[in-house]
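Structures given as structure tokens follow.
Okay, so chain A shows up in both of these, paired with chain B first and chain C after.
Coming up: the complex of A and B.
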């Protein structure tokens, strides 16, 4: 059974109105366990919309997304949050860190919702900081970090719950080349950890990487 | 002169009208959901119904919050109307001034109980991944919706039929004769009240939801008579002042709101488990502990005034 199954997926804004916009049209995609998939497309092609549906951030207009056989498009809000908390790590283009909090406070934030013991919490935090290579900055306020460090902090936060799926939306858009290459190194670590990784990007730095399992091109809301 | 010159009444009816309009919108959506809902479908119509389901839940939850506040506001409005109604000294005179008043008050309490049950079923529904109680909760809402429409009609009939020139009877006349059921005396009623209270606590302890349901219904009526004819006299510290409304006034530190509030909330938690089981066949007996809590506070509060009077004066009234 595939880890993620996307069937006949549509996302239509203002459906039935003059301003109707089809962000996604009849998307069908299967992603296997441990697979790293790069979704390529220009700005506005529907990459981010697809990612948000895979994370159950929003609901489709038609079709469905199954994760481990469960239809996540139908989950009531409370279960969608639980699903994200347990199974998904999301890396945002603009990092979405909480200014004013330190690196470790930001990273530990998703764990607040779990009933983990303090020792378990400390162990998960330490592991995530180490994997994202941001351990040395753990006490620093995130506003004082560079772009690359903020990105690594966001990666640590995405990893802290040990999710089986990592979704990254334009992860290198705000990074220079050096930090983008570091992100690619982190992707290799994800591969070793057998995580499902889906990266939505238009950055050519992801082209022709040998460890990437699949490239999917999307244009005007359709897979090419 | 018209009762509608009273600001609070105009505001009350306006809010009731807004709530009614919101409920009409909800009911239209609810009927569509009841007809076409298919949770397993992944088409755009079903997704649209699911979004509308959340909208309706929000509207009904808002309705419940407003209805609770409006109920207190309604009782307060009855008091506010007393200067306009000849002979009325408290809400008793106003509510008994026409045939609609007392049924309206009971009807409002009944609707609040049903809305409370709806709220609990809604909570259970949203806690299930497949919204398994959705249709049942909306059938219940449809019944409540019809009742809310009738309630609005009753409110208009009640307020427009309050006589402003003909004197009405107030509590000093209405409750002067002990109008107790089955020719019981006041002290019989008080004994029955305490006996029912203890039986309810025991029934709750053994989680007998159907027995608790019956005991709570009985207790509510017996408590009404006990408070009006016995405990109330200790609040007023006058043996002949028997009224279920006067202690809602400032002179008695609004203690009536607490007395009736604890009783109604307690009874609600006592009857809900059985109603919920009857509707969705789910055992939700843990509400009975709230029944025990609120009824205990109610009983303690009522008994407090008797004990306080006895300690201060060395005699009972």
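Coming up: the complex of A and C.
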């Protein structure tokens, strides 16, 4: 059974109105366990929308997304939130860290919803910081970090709950080439950890990478 | 989901914006402080007046003649005892002594525990007497040429009742006020059945048209009216507090829709449910508002009952009655009302916008 199954997925904004916009049209996609998929497309093609539906950030207009056989598209908020918290790690283009908190406070945020013991919390935190190579900055306020460090902090936060799925939306858009290459190295680590990784990008740095399992092109809301 | 980690995280987020929260804490606390102080003063004064009223009969009767108060006598008592429903009629002696040296009147009230050579005065009066070198005793001048010397046995706190009062026994009071043995300043009518008070209050003027009849509920209503906390200057204070409160609420709502919007969206994206967001905001703002509420209450109690409400007391008592102390009161109903009308709207002003943002589509909110 595929890890993620996307069936006849539509996302239509302002449906039935003059300003109706079809962001996604009849998307069908299966992603296997441990697979790394790059979704390529220009800005406005629908890649981010597809990722947000896979993360249960929003609900599709039609169709469904199955993760481990469970339809996540119509989940009530409390279950959708639990799904996001436990199964998905999301890396945003603009990092979306909470300013004013330190690296470790940002990274630990997804864990505060579980009543883990302090030692369990510390162990998960340490592991995530180490994987993202940001351990040395753990006490630093995120506003004082460079772009690359912010992204590593965001990666640590995405990994801290040991999710099976990592979704990254334009992860290198705000990074220089050096840090973009570092991100690609981190993708390799994800591969070793047998995570499902879906990256939505238009950055050519991801082209022709041998460890990438599949490239999917999307244009005007449709898979080409 | 509430657990220790969640509580710690909520507090960390709160401390991240300690400047903003401290501002809210101070403004919110100050509003509660002002409102509570005003209410404590007015309630304390009312309580003193009502306690004094409880020591009187259910109806007070005064005699008038040509528009002036005129003493009552034993015949009046006998006649009133005939009225059906009246259980007892007690003649009371009080009045005013003209302290000509300071051009002021002292109230003379009866305390039968005192002997014929002593008196008890309030701190206010003692201060005045001291200014005129009467530190241990005082000479009452009784026209035409008599002098009555009384030792100052005790000096009591000035309350709204006692601040202008000299207590002596009834015999001495009659001498000072030059009243005969069977004369009384007013009569206390004891009516055991409270349902009959109104009826008896209507019957008495039919027997004695010159009598001024004051049922205790009317006096109570007068006191209430006198210190009605929505009246006059208090209204201005409340309006100022109310406007400040609404400005604060608006500020809070704006901050939720502004700077906190992104934060809520980030938390939603990492798995916080709508309920978790509401819980988080509730914990943070509950700490601020309840902290401010109890701090303001404690400060109000200290301000009114320890420091005697400097500045604010003048609104209630004027400049003259400087030594009056406010009797401490604890009115749970009043404190609960203040809580409901301040803490609850404040929390609502945070939680409702937070909820509205939390139910937004996460991907839309992140844009």
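Everything that follows uses one rule, which is that the second predicted complex is superposed on the first by the 224 of 224 C-alpha atoms of A that agree within 3 Å, B and C clash if a C-alpha of one lies under 4 Å from a C-alpha of the other, contacts with A are read in each partner's own complex, and residues count from 1 in each chain.
Keep in mind that, in the parts below, a contact is a pair of C-beta atoms (placed from the backbone, for glycine too) under 8 Å apart; a residue touches a chain by one contact, two chains touch by 3 or more.
Bear in mind the structure is a predicted one, so any value in this text is a computation, not a measurement.
Undergrad: With the two complexes overlaid on their shared chain, look at chain A and say whether chain B and chain C clash or fit.
TA: Here chain B and chain C can both sit on chain A without a clash.
Undergrad: Tell me the contact category for A:96 with respect to chain B and chain C: first, second, both or neither.
TA: Once the two structures are laid over each other on A, A:96 reaches chain C alone.
Undergrad: From the overlay on chain A, compute the angle at chain A's CA centre subtended by chain B and chain C, rounding to the nearest 10 degrees.
TA: Angle at the centre of chain A: 30 degrees.
Undergrad: In the superposed arrangement, does A:74 touch chain B (first), chain C (second), both or neither?
TA: first
Undergrad: Let me test your reading of the model: by the given contact rule, A:15 touches which partner, first (chain B), second (chain C), both or neither?
TA: Only chain B is touched by A:15; chain C is not.
Undergrad: Considering only the touch criterion stated at the top, classify A:57 as touching first (chain B), second (chain C), both, or neither.
TA: A:57: touches chain C, not chain B.
Undergrad: Can you tell me whether chain B or chain C touches more residues on chain A?
TA: C
Undergrad: Quick one: classify A:112 as touching chain B (first), chain C (second), both or neither.
TA: second
Undergrad: Thinking of the overlay built on chain A, is A:121 touched by chain B (first), by chain C (second), by both, or by neither?
TA: Touch status of A:121: second partner only.
Undergrad: Between chain B and chain C, once the two complexes are placed on the common chain, what is the minimum CA to CA distance in Å?
TA: 6
Undergrad: If you lay the two complexes on top of each other, which residues of chain A touch chain B in one and chain C in the other?
TA: 59, 77-78
Undergrad: In the complex of these two chains, what residues of chain A are touching chain B?
TA: By the definition above, chain A touches chain B via 7-8, 10, 12, 15, 59-64, 71, 73-79.
Undergrad: Would you tell me which residues of chain B are touching chain A in their complex?
TA: Residues 39, 42-44, 47, 50-51, 54, 126-127, 129-131.
Undergrad: Once bound in the complex, which stretches of chain C touch chain A?
TA: Touch list, chain C to chain A: 1, 3-6, 8-9, 12-13, 16-17, 262-263, 265-276, 359, 361-364, 366.
Undergrad: Which residues, counting only chain A, touch chain C once they are in their complex?
TA: Those residues of chain A that touch chain C are 48-49, 52, 55, 57-59, 77-78, 80-82, 84-86, 90, 92, 96-98, 100-101, 105, 108-116, 121, 157, 161.
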